Amino acid sequence: MADVDVIVVGAGPAGSAAALSVARTGRSVLLIERGPFPGSKNMYGGVIYGRVLDSLIPHWWEEAPIQRWVTRRSTMIMTPTQALTVDFRTESWAKPPYNGATAYRPDFDAWLADHAVAAGAQLVCSTTVTGLIREHGRVVGVRTDRPDGDLRADVVIACDGVNSFLAKEAGLYTHTDASHFTVGVKETLALPREVIEERFGIRGTDGVDIEIIGCTDKIPGGGFIYTNLDTIAVGLVLQLPALAAQGRRPEELIAQLKAHAAVAPLVEGGELKEYSAHVIPEAGFSMMPELVTDGMLVAGDAAAMCLAAGIWLEGVNFAIGAGMAAGQAAVEALRLGDVSATGLAGYRRRLESGFVLSDHRKLSGVPSLVMSERAQHTMPQLAANVVERIFTVNNPRPKPGFGRIVRDELTASGVKMRDLVKDALVAAKGFG
Amino acid sequence: MSDISRIAACVKWVDLRPEIDSLTGAVSESERSSGFSAADRAAVEIALRLGEAWGAEVTVLCVGSPEVDAALREVVAAGAHHAVRIESADDAPSVEVARVLAASLDGVNTVICGDYSADRGSGSVPAFLAAELGAAQALGLVAVDPAEAGRVFATRRVGGGRSERLELTGPMVLSVEGSVAQLRRASLAAVLASADAAIDLPAVVVATTHRHDSVAVLDRSAVRPRARALPAPTGATPLVRIVALTGALVDRTPPRTVVATPDEAADLILDQLRQWGYLD
Amino acid sequence: MTNRRIAIVAVRDGQPGSGGIEAILEAGGRAILIGSDVAALATELTGFATDVTLVEAGDFAPAAWAGALAPLVDGFSGIVLTASPDGRDLAPRLAARLDRPLLAGAMTIGSDIVTVLRHGGLVQVDLAAPERFVATLQPGVRGVEPDLSLLYPTIRSVEFVAGPAADPVVLEVRPPEAATMDLAEAPRIVGGGAGMLGDGADERFEQLTRFGEAIGASMGATRVVTDAGVVSHQRQIGTTGVVVDPRLYLAFAISGAVQHTAGLGHPDHVISVNTDPHCPMMAMADLAVVSDANATLDALAARLALEAAEVARG
Amino acid sequence: MGELLWSPLRLGPVTVKNRIVFSAHLTNYATQDGMPSEQHAAYYAARAAGGAGLIITEEHSTHPTDWPYEKLIHGFNHDVITGYRLITDAVHRHRTPIFAQINHNGGQASSMYSRLPVWAPSAVADPLFREVPKAVSANEIADIVASYADVAQRCAEGGFDGVELQCSHSSIVRGFLSPATNRRTDEYGGSLENRARLLLEIVDAVRGALGTGLALGVRLCGDELIEGGTTIDEAVAVARLVDATGQVDYINTSIGVATASLFMIEASMHIPPGYAMFIPSAIRKAVDLPVVGVGRFKDPIQAERALEEGHCDLVGVVRGMIADPDFVAKARSGHTDDTRLCLSCNQECVGRMGLNRWLGCIENPAAGRESEGVGEVHLVRKPKDVLVVGAGPAGLQAALAAARQGHRVTVCERDVQAGGQVRLAASVPNRAEFGDLIRNQLTECRRNGVTLEYGVTVDAAEAARRGVDTVIVATGSTPSRPYWAGDAANVCDVRDVLEGTASPEGSVVIVDELVFHQATSVAELLADRGCAVEVVSPGMVVGQDLGITLDLENWWIRAGAKGIVQSTDLVAMDYSDGVLTLLHHLTNTNRTRTPDWIVCAVAPLPLDALYLELRDSGVEVQRVGDCVAPRRAHAAVVDGERVGSSI
């Protein structure tokens, strides 16, 4: 006999979205959080692309606790002494319905969880789920670290984060290859608000999200910088095994990034408020566990739904989307009275028709491209050298033609035109 | 006359990690990092243990604002029989807090507090409470063991690494260090049940009182430590002072460097320790 | 009332507790010593006190003492105690008895302003000194510097009269336990360094702890050792760990980088065991033994076990 | 750790982000016509980048009568503003405030450069410069005061955040304050109020020039340590007067006088850390202004403790940040163990300055050469396998410099541990800190992935067997035997004593031709062991070069106490039949001694056999340190850095 209809494990964006979706239908749902309150794990924030929230919380932008709206996105290609930036800015992202925002995760997560509670979900904090209760191969509930901590439910939704313990226990992870994990490190630096606005060329609550490639020495990965109201975040995503093999400390690499001529003027004088490090599954679609078993669904980081391959960091929106889909699928299965894997299969269909899996599938080749030697070192050098030669004024010698410069640099870098075309195709497929 | 079947724990809801501006000393508190201190949680646990040992009823009195209710429900889920919340002005003097607490503790035999609160940190409320209740006090305890109802054995640090073993009988006020006990976790069922259960939370308010001798606050700032005594070198001539400052002629035990086998080394060390008086 | 101050020092076996002397100096040299063997302490107050009243009162009993002290001190505007365990117990009891405000955890007790510390000592609050108050002074904030003009304190004794009061019964006072003692307070420390790492490091540090116990010393270690997880970080001496101030320090296989020695205080006696005679720890030592630290510990353990056995045989 | 150390503090209008100050010190980086340089800018910027809370520049002269040494910044010349901008812009890029110290050196000066009489309160000659100054007139005093205001105004225009008045060390204000040098009978002499009049007039004028936007500090001496000079009680009284003006934002402190008691200002490793702490402590008890403490702060914990105990509000760390510009950043991020600790050896900072060279550092070859890019990482495209033979200071520096550029480096050391002669030098009483040179290099080697092999002797065959791309030979030097010593068994080298292969007893004569720590260290060691020691030197004083590292005065004090006899102008000529013959070269007469032992501190010989053998066998090989030419440790480090970073 089930105590509740649905148990959601983890009150992050995925879990709260799932609980909210279930509670909305009047079903009983229990949201179990390990920390003392939702979002308590880290003090500072992340970038959130909130389009997915439109259907869940209409006009969410009027109430969500955000820091700045991202109105400017840049991609910076970097070598130790050069930087080439593609900069995009649009006014349309500065007004409703907006596009992306930076937010402090404790604020954001607590806000989303409050919505779930207001809709009727019951939130229990400071409680760690220690295992699954299974009967006849079916998941029928969870064990917690509290005394008499077993609780039964018709459906369990696991949103317990990276390297999900529950997904593993349910046998949904078929491969756990350490090489597909990256470590994300981030420094949050305090600067006066007006200094941030002056340095990044923004006003009011406008914000910037910069992605960087070529800033991680010999370690595959990428970097990012984004603006909060009176802090900025500077970070790196680094492939774990390479980091270990090189014996480098992530904070050294951050220090190096901060000292780069293109970054130093942005971060100078910032006072370190927080240094955080997280392990992120990197490899996208191919890394995802099975998402459904009898009586259980997996969503969010737990399902490796985080595209952290160097330059894309869009975990939160994928998490919310997946949480919503999981919640809806659970309700649907309950209505039909079949919570087996078959009954819950609606989850995967919803994901595939929605953006979550289609984006992941589309980008499935991108992580290995982004992490490749060519993308990491050769291409940034190549691109930067080409541009440097184009822009270097060398009068009175005539400027060589663009094609000539590209061919010279290709020869010097050892990249074959064939590879370049191949990478372009993968990238086009990913971005297109 | 106090009732040995009644025990109370007094706790305070405070910001455990308030942000303190190290330039101005301004303190900004956040509900997010608020909670009961380790010592307060230990006090509740000791109260529950004494309650079990003596078959007594346990009341938790909490100084705090309405945000604390969820945490109090958890305490009830963990086994407290009653929870009472008392609102207090931030700057209420400890003696006033103690007075109001005492009014709610009429007839209680044993009161247990955390040794000091995270914010004010003077640890004086329990002693004021004891004075108010005419009770025996034992503060800063590192161990509390129940004897028969209304009697405990307790251990208290007295400095220099020493401790004293005490015996107390009620009425008594104890304050405990956080290390004394870990507050038990409420069972999941109890947590879920207490969320719906109505808890009696009568609100008593400690207002800022304006006693005739209340102490005026002139300024708050980031700490600027007081200069400790550090004698300047004495000596009428510069050379004497230079020698004192450089320690050039300090008559140190001439360092002895000895190459030794492990056995010789052990003997040397033990002999030296005996010679210095560290060993008999 | 004139701005007159008096210190109250709770005395245990002639010892003033931490900050007791500072409280006397802060009160201008006038003090009441109450507790056990108070006369012994009085003889050591030359240079620190002008006017001392002795109350021989036996075991610590805050309620009874507050009752006995109240009439002796009520004529003074400021009553100063140290915020030691006993002082923190006694002060509020006395304040309640005298119906005076308590200014707890003071850094400075000036004539017009009393500065108290809050939030773990990060914030200071300046209070207008009330006409009548009881204050506790944080131990260590003032330091002790004898005033050589205070050569001969006048000493008088007062009979202790215990009124009716509820106090705990003191069953026993236990001596310090080296193994569990806070390292910062430990008067004797044995330290272990990188040379004790490697296979069997856990057992070696266990052995070091036991050797420490045998000579009444607490065990500490360098950062390399705590980083290796062999010893907990609370036992790390130095820049990123605990600052200690022992009288005796025995260093086993510690080279003595300044990050370690900067946290060592000023030990009266240092013994160092190391294979490198030229490292700074050896230069700092009174007795520098060039030998293998691990083997030396084995030999020490064997000797102490032997001695214990002999004592046991009688 | 570091709650106070890392907390911000207001100095009037300026907020510093932590309590560590890179306080004023001479650099000799100015151009010959007294202008600030790119060398200055890069040097200060590196310390700002490394996290210093506040930077205070070296002194800028306020007046043309003040030019005591060649490369002094001429604050009185309006053209300095361009150079000021160079410095302040570079430092402000790291959001670090920077103050300028302004000064007139008064009578502690020479007229050699200015060709004008030096000015002082009274005609009292400084013991170092021995030049009788002109006692200034009332008009000239007014001129001085006005010149301070002018220069302060220039500092404001040049982008400085504040100005510090140097009123200690070497300064006309100190001259007026000190009863030892102020013999005036007018309103500027006599009582303390009169002696402080010039200071207070300058404070008034400078504050007027600065307005309220810039900070103003005053640096006072707490004990001049000279006969009849200012002592602590009077320094506290002056601090009270300064505080009472209400125009000053902080007080900096110092000890000693830059000429007569300089060795107490820039204390070498023989003087305990924190030795001058009683000065800020006493001043801070008397005033409410923030107070800076100085005096061999080597470690953040020591600094934090000084703050916790209320002895000061800020700590000056100069040599610590010369040696490692990232001193603060490393401590702040919990990597104190990676700090390149200052040795307080004074060889390349104070020592080079004393010889009119630019300021450097024995273990940081980049110090003063930041603008040239020394020490920067330039990863090579094709890493090489590099073998370094010898783990002394030269070999280790070569190894870490090569590894820093990405090469794969192995160091082979014949001995069972690293260090070479440095290890021996650090083994004598009070010289242990010198050994940090090697420990710091080993730390940097480890961080850069250098492989160290001990107990391995490398000959040409072994080098060939290893098949590396390039070999760096750093095999050091060996003691030489003076011609006059013959084969007498009781004549040995200082290294033999330190290594323990010789144990002189009874009466010992040390023949010192190296005039540095070698002879004096061993003299102390043997005196401590009970020997009757005499040091003989051909120089004018024993341990002549200890003068530039400021170790001489303390050596005299200790030598005197230990009964060490010092004999000068003597050249060893012969030792036969137990009689040592010494030529007194001034009089061309002979002296004799009949000691039990003779210990030689004489020029060693390079161990260059391996290098020559490899070179002749066609291996790519270079050599560094003593095996090129035996010199002191700084030369070994410089060699190693140059060769290691150029592979």
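Going by the order they are written in, the chains are A, B, C and D; count residues from 1 in each one.
The definition used in the following text is that contacts are C-beta pairs under 8 Å (C-beta built on N, C-alpha and C of every residue); 3 or more make two chains touch, one makes a residue touch a chain.
Predicted model, so just to flag it, every value in this text is computed and none were measured.
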Most widely separated chain from chain C, with each centre as the mean of CA atoms: A
Which of C-D and B-C has more C-beta pairs touching across its chains: B-C
Distance from the mean Cα position of chain D to that of chain C, given in whole angstrom: 39
Chain B and chain C, separation of their C-alpha mean positions in angstrom: 18
Approximate Å spacing (C-alpha centroids) for the pair chain B, chain D: 49
Centre-of-Cα separation between chain C and chain A, whole angstrom: 52
Contacts with 2+ other chains: residues of chain B: 22, 222-226, 228, 230-231, 255
Overlap residues in chain C, where contacts from two or more other chains coincide: 122, 141, 143, 277, 283
Pairs of chains found to touch, sorted by chain label: A-B, A-D, B-C, B-D, C-D
Chain D-touching residues of chain A, taken from the complex the two chains share: 80, 247, 251, 259, 264-265, 268-269, 271-272
Contacting residues of chain A [partner chain B, same complex]: 3, 30, 36-37, 40, 106, 110, 122, 124, 127, 144-151
Residues of chain D touching chain B in the complex: 3-4, 6-10, 15, 222-227, 229, 232, 255, 261, 264, 267, 270-272, 275-279, 281-282, 284-285, 307-311, 313, 429, 528, 553-554, 557-558, 561
Complex interface listing, chain D residues touching chain C: 1, 3, 298-302, 305, 309-310, 331, 334, 336-337, 341, 417, 419, 423-424, 426-427, 429, 432-433, 435-436, 439
Touch list for chain D against partner chain A, complex: 17, 49, 93-96, 332-333, 379, 449
